[in-house]
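In what comes next, chain A is part of two complexes: it sits with chain B in the first one and with chain C in the second one.
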Partner chain A sequence: MDDRLESDALTRPVEGAAEATASEGATSPAVGRDEWVARHGERVVRRSGRIGAAEQRLRAVPWWAWLVLFTALVSLLPVVFESGYVRRVSFDIVLYMLLALGLNVVVGWGGLLDLGYVAFYGVGAYGYAALASDQFDVHLPSYLAIPIVVVIGAIAGLLVGLPSWRLVGDYLAIVTLFFFQAFIVFVSNSDDVSGHDLFGGASGISTVDPLNAFGRELPVAHLGIFSVAYLYVALAVFVVVYVALHLVNDSRTGRAWRSSREDPLAANLMGMPVNWLKLMAFMFGAATAALTGSLFASLNGGVYPTTFAFPLLITIYTMVILGGAGRQAGVVLGAIVVGVLLETLRDANDAQYVFYALVLLGLVGTLRLSRRLAAVLVGVAVLGYAIHLVAGAIDSAWVDGTSPGGGWLGDALTHWTVVPTEPAGWIKPVSYVGLVASVLLLTLVRDRLRIVLLVPVLVLASFVWENVMLPDPSSTRYVVLGAILIATMIARPAGLLGERRVEIV
Partner chain B sequence: MTGTPLLELEKVSMSFGGLACVSKLDLHVDEGEIVSVIGPNGAGKTTLFNLVTGIYEPTEGDIRFAGESISGLEPHKITRKGIARTFQTLRLFLNMTVRENVMAAAYGHTRAGVLRAMLRTPGQRREEREIRALAEERLAFFGERLMGYRWDQPAYSLSYANRRRLEIARATATNPRLLLLDEPAAGMNPRETQEITELIGQLRGEGGYTILVIEHDMHVVEGISDRVVALDHGVKIAEGTFGAVATDPRVVEAYLGTGGMARK
Partner chain C sequence: MDTFIQLTVNGLTLGSVYALIALGYTMVYGILKLLNFAHGDVFMVGAFIGFGMLQLLGGPSDPVFSIYLVLVLVTLSAMAGCAMLGVAIERFAYRPLRDAPRIAPLISALGVSFFLAYSMQLMFGAQFRDYDTFAMANGDLFFKGIDIGNVKISLIRIIVIVAAFVLMLVLWLLVTRTKTGKAMRATSIDREAAAMMGIDIDRVIVFAFVLGSALAGAAGVMFALRAPVSVTVGFLAGLKGFTAAVIGGIGSIPGAMAGGLLLGFAEAYTQGYITTRWSDLVVFAILIGFMLFRPQGLFGKPDIQKV
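So, the complex of A and B:
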């Protein structure tokens, strides 16, 4: 009896351990089995601890809840900020969001590189102008004009899509780019189409009606500041478009779009009419852009050919790519980030904070909170101050200039960066090219050498920023945007909110 | 069930410029049959599939499916008539989930358009539920492997063997009568090859599909085929039971050459 008990006591834990390993084997399959391969992705994605739990919980929030929250926040903006400026910028950004949503259908879901997208925006704006202005003395109410414009946009999309029926990739991009250029040339010369003034040519149409219904107009400005009603109209349109596109994406049409993006031949052989689907994606994108164009025209009271130019095309593409093509929430975030950035970079004072914040963010992002980061920061501060002292000792005119940024940061920088009162003509181009070259050099070196070189490069960057870029904000903002895009694409190739994508496995 | 021809090829030729890939090929697959196509590399087997599924239009001859000519039709229309295929080099929609891959293939036999999708009409919602149920049923055919949490994983996370299974599931979601399987056992280990052999039998038995299969693995061919067709240089060189075709001198010659070294 004793003997048995003893043997039981001895064997029990061993048995228990054997069971434990067996059950563990059942839940975590062996390396190399396809179960293991499939779960590997999950293990990588899932973060542990509190951040991981929060991430899981945030992922569980349904899309419409985010949309409601977002809409509520934006509609509170004019309540919080009384200024017409904030309202106007919010309105512009809502238009950007709409444009990004439309482009997302074509590029993100359809996988088609449509470089003529802005032309459809123009078609919408000019379409609205033709239907509601003194140009042809037609004054349709908005509830007629806007739907007609949307249909015109869709038809324009169809017409551009038809010749590119069988085109893919680069060829489609070239054809649509050609269409865009043709559109610009046409409207710029539209004041003399065989003797008739169609769309006012270079001077555009400047008598476009505001939004109106049943004989009553929605004034653009109320008591001298931008009417908040336009922001709410745009926001309402945004919500409707967002929901409509979301529902289409989550249907057989959306699945077919994405299938033909992934593999057109396989999609075709699985019963999907790929060419028709391509056309449909084009039409959806074009109709959304045209809708946005009509809102734009009604608010501005005029349409001019210069609005629909390449910088806008690049801006919208940046929004979609930065935010994550294929995800609606992503492209909306992209539109906000790019829209806010472009607006802040207009003003030298704000731009300065943005620049130094981004540089710091980039440093923290790459070096983490480490000793190396501290070393770089201290190094930059010391080197910059030393150069400032030396330059000041040689000739005080070299450091007597003031930073165009102003504010406390500008004041601080005046004692640190070299800002000459009147820099020699060669300094600007040489320092700018030098900065670009040294950044490229940084990408070629590794480890400690990179950290060491980073210090003078950052000092040089500050010099270039203060002396070359800040005095010329209109082109600087696109340079900064480009730099952000490159950095984001290196860090997160799928965009801020984009899903990880695999091309070939 | 067997007897009536479901697919018929009549003197079908396909040439690219002066290069004839298939010439004057006569072939038929009867309802409920499993027919294997064998032949060395470059014999025209995949070209045959591409002709039947409409990727190529035959330069000569006629292809009939269920008594109706299908040559010259667009691929998606042929699929809707009831022919679905898998690919030798896998062509899944990698960045879509496993379930979506299968759901997408239901496009041809579903109706709800974009307007109904935007309004989420009751009919559209019902159809959407049916598509989902269909996809889950097709995936359930493969047992545990493509079930549960797998449904919501992107297709790229699947192993090679599971990708082959998913391709078959996707093809069956088009509701075909004829399944064309292009080397279903390629790249699989012996155990998986054994499984795929049984699976092809089940596809006919439980799914009721007629199957035309290209396969290099002779164990698989032997295990599944009612009839074997051997191609070489785009010409049919032998046809019949596995035993007859495998020992046919022309087939042996096509695979091993005429050096006189080929001995049993």
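So, the complex of A and C:
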């Protein structure tokens, strides 16, 4: 572990402390009301050395500067890339970022495990569909429909959040999950609610209006490709939500959230309305999700119950947890990383490059540019080639298959990894379970043994990747999400951008 | 009356499967205070291991041994496989987080659940697997049985119910009559004090996972004997198992059994008398009601928060 508490960190007031000490005035001692707040900012673990210094300097840049820079970069995307595909994917990822921001309020700031979050997204999408489609023949303009949807979302959040008055932790998680399930059951069967067709049931509502105001519509496609206007609308909404939530978090409410998350009992004794704070967290989260849902419905022109399923919930959770729950910039980063990852895993060719690049990066990251790294790489190449030779000598059908990834990398790999033309049925489960088991085993051994065992594991990984995972990218995506969730919780619970605190007891 | 008997038997079959799942939840929760989200997926894996074993032993219509022996072997292999899976999950996903904030293992559990379900899909595809109980012993399992009035209770239902009750009895004896069982109960009352008395906490936790997962594996086979299974069945079955554990009072073993049966009856009667379309909603409503108004369940003691 190369992180350590910098020795001067405890004597030098930093960022979070600045506000508190300034308000105290230069003469008054930092004792009493604000001392805890002041000390709070100092208990962050910092890296030492050059990376730590760079990190400090980057952290000193104000948050709005990052936001402006980021927004500018994203808005330049459609200028640089002409393709509708890039625009569409960017739009989807902006929606993911919005969803992650909303979930961050509940999970990161409120500390409440809300497993019903996707239901609010669904409420938003269905709410917009009810207010602007042929379903009930209501066609409200967007500037009316969207605020109404946001209010409906907040009310739904209030109702689902009510159990948080009595329940905490896992019980709250499971009750919200039941609300989510109830939502799915309800909309999937909503084509016959005591004889009335409410929301179209399994076939959904497919006549939703695009965004429109004053009788003019914003077309979804322009000249046959995805209209860039929707990307800009989503980006504008993102900026507004980001700033609004940031201000809320900086306010009295935000501080109260944090303290009631850390210790609800103490916060309660200090006179904070803990129950209302929980409800507010739920409402802010739900309203954000509902807003995102209305954007989603207006762009797709339809809403279907299958969109709002458990995998989406896990996807958003992975974004928030990976990026670092509690930090807005973190969850946005998480949304981008996971969103891009999921998108590349859609296409076998892209996925192939990403996989091998990530493996190589991971090796360089853990072993550094050392002799051990060279030894591992040479070992992997030799072992893989040897196995390929042996397998080919026994039966040429074992190595005559083609990589689903294709491209030059796929061609090159078929001369190294064993890719049978038609693998027998047992090969998939045996090799996959073997890979998972050996990776887990690898975490138990240390030092030289780990380096030695790494070689066959990497060869096996390449085999499994080519023969099991690449042929079924849609399952692979979710397997990867599950693995990211577990690994993040164990290796870096604070996430990529999260802060680690030194607990002083 | 006939309908009522039929529904009661349905509820009993369904309920004994739920009870077996609930036992796994309740034991792990009792000791670790952890909601093991992955438990439902362990159940699903059990159904799949059983399916594989059944094919290995010649398939439903042409088994190498007598079909009853084959069913026993199928159940035992599913139990053994799931027990190993449970140990692995505990070792790699939960143990490193034992002293972390409570939200951490919960999120890890979500990850495990997702990882298991989609790993299975990666290996075996998304299609449903059918044990084809109908083909076993020329359909005897369906057509033979006990007649009560005009209602026939088929052999397969009787087998499932009896097997489930035997397993529960074995568990009950293990927990109340053995030293390890005593250690388990002690740990669930106060983990720290138990550790100070010389109880190996790690062993007790692993034991709870072994027992719970093995029961889930058996439940998976029993469930799959009556309905085709896919990799997604674990989620809903897990939710209902957890509901059963909560209704009975989480942490209480007799509570989990009673809760499972109660939930089975509730679901069967709802489907028979009220609505099939919304039956899941009724189950959810029962759960939410219990959570809000009697979170300690039927058999649990209210949790007093000490500061």
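The working rule: the second predicted complex is superposed on the first by the 437 of 505 C-alpha atoms of A that agree within 3 Å, B and C clash if a C-alpha of one lies under 4 Å from a C-alpha of the other, contacts with A are read in each partner's own complex, and residues count from 1 in each chain.
In this text, contacts are C-beta pairs under 8 Å (C-beta built on N, C-alpha and C of every residue); 3 or more make two chains touch, one makes a residue touch a chain.
Just so it is clear, the model here is predicted, and its values are computed rather than measured.
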Partner chain(s) touched by A:146 [first = chain B, second = chain C, both, neither]: neither
Touched partner set for A:280, first chain B, second chain C, both or neither: first
First, second, both or neither for A:268, with chain B first and chain C second: first
Which superposed partner A:485 touches (first chain B, second chain C, both, neither): second
Which of chain B and chain C A:258 touches, first, second, both or neither: first
Touching partner for A:443 - first (chain B), second (chain C), both, neither: second
First (chain B), second (chain C), both or neither touched by A:338: neither
First, second, both or neither for A:247, with chain B first and chain C second: first
First, second, both or neither for A:177, with chain B first and chain C second: second
Greater chain A contact set [chain C / chain B]: C
Chain A residues contacted in one complex by chain B, in the other by chain C: 265
Residues of chain A that touch chain B when the two form their complex: 34, 37-38, 40-42, 244, 247-248, 250-256, 258-259, 262-263, 265-274, 280, 284, 499, 501-502, 505
Complex contact set, residues of chain C against chain A: 34-35, 88, 92-93, 96-97, 100, 102-108, 110-119, 121-126, 235-236, 239, 242, 246, 277-278, 280-281, 284, 287-288, 291-292, 295, 305, 307
Touching residues on chain A, where the partner in the complex is chain C: 107, 111, 113, 163, 166-167, 169-171, 173-175, 177-179, 181-182, 185-186, 189, 192, 265, 310-311, 314, 317-318, 321, 428-429, 432-433, 436-437, 440, 443, 468-469, 472, 475-476, 478-479, 481-486, 489-490, 493
In the complex, chain B residues that touch chain A: 53, 55, 74-76, 79-80, 84-85, 87, 91-96, 100-101, 103-110, 112-114, 117-118, 120, 124, 127-128, 131, 145, 150, 153-154, 156-162, 170-171, 173-174
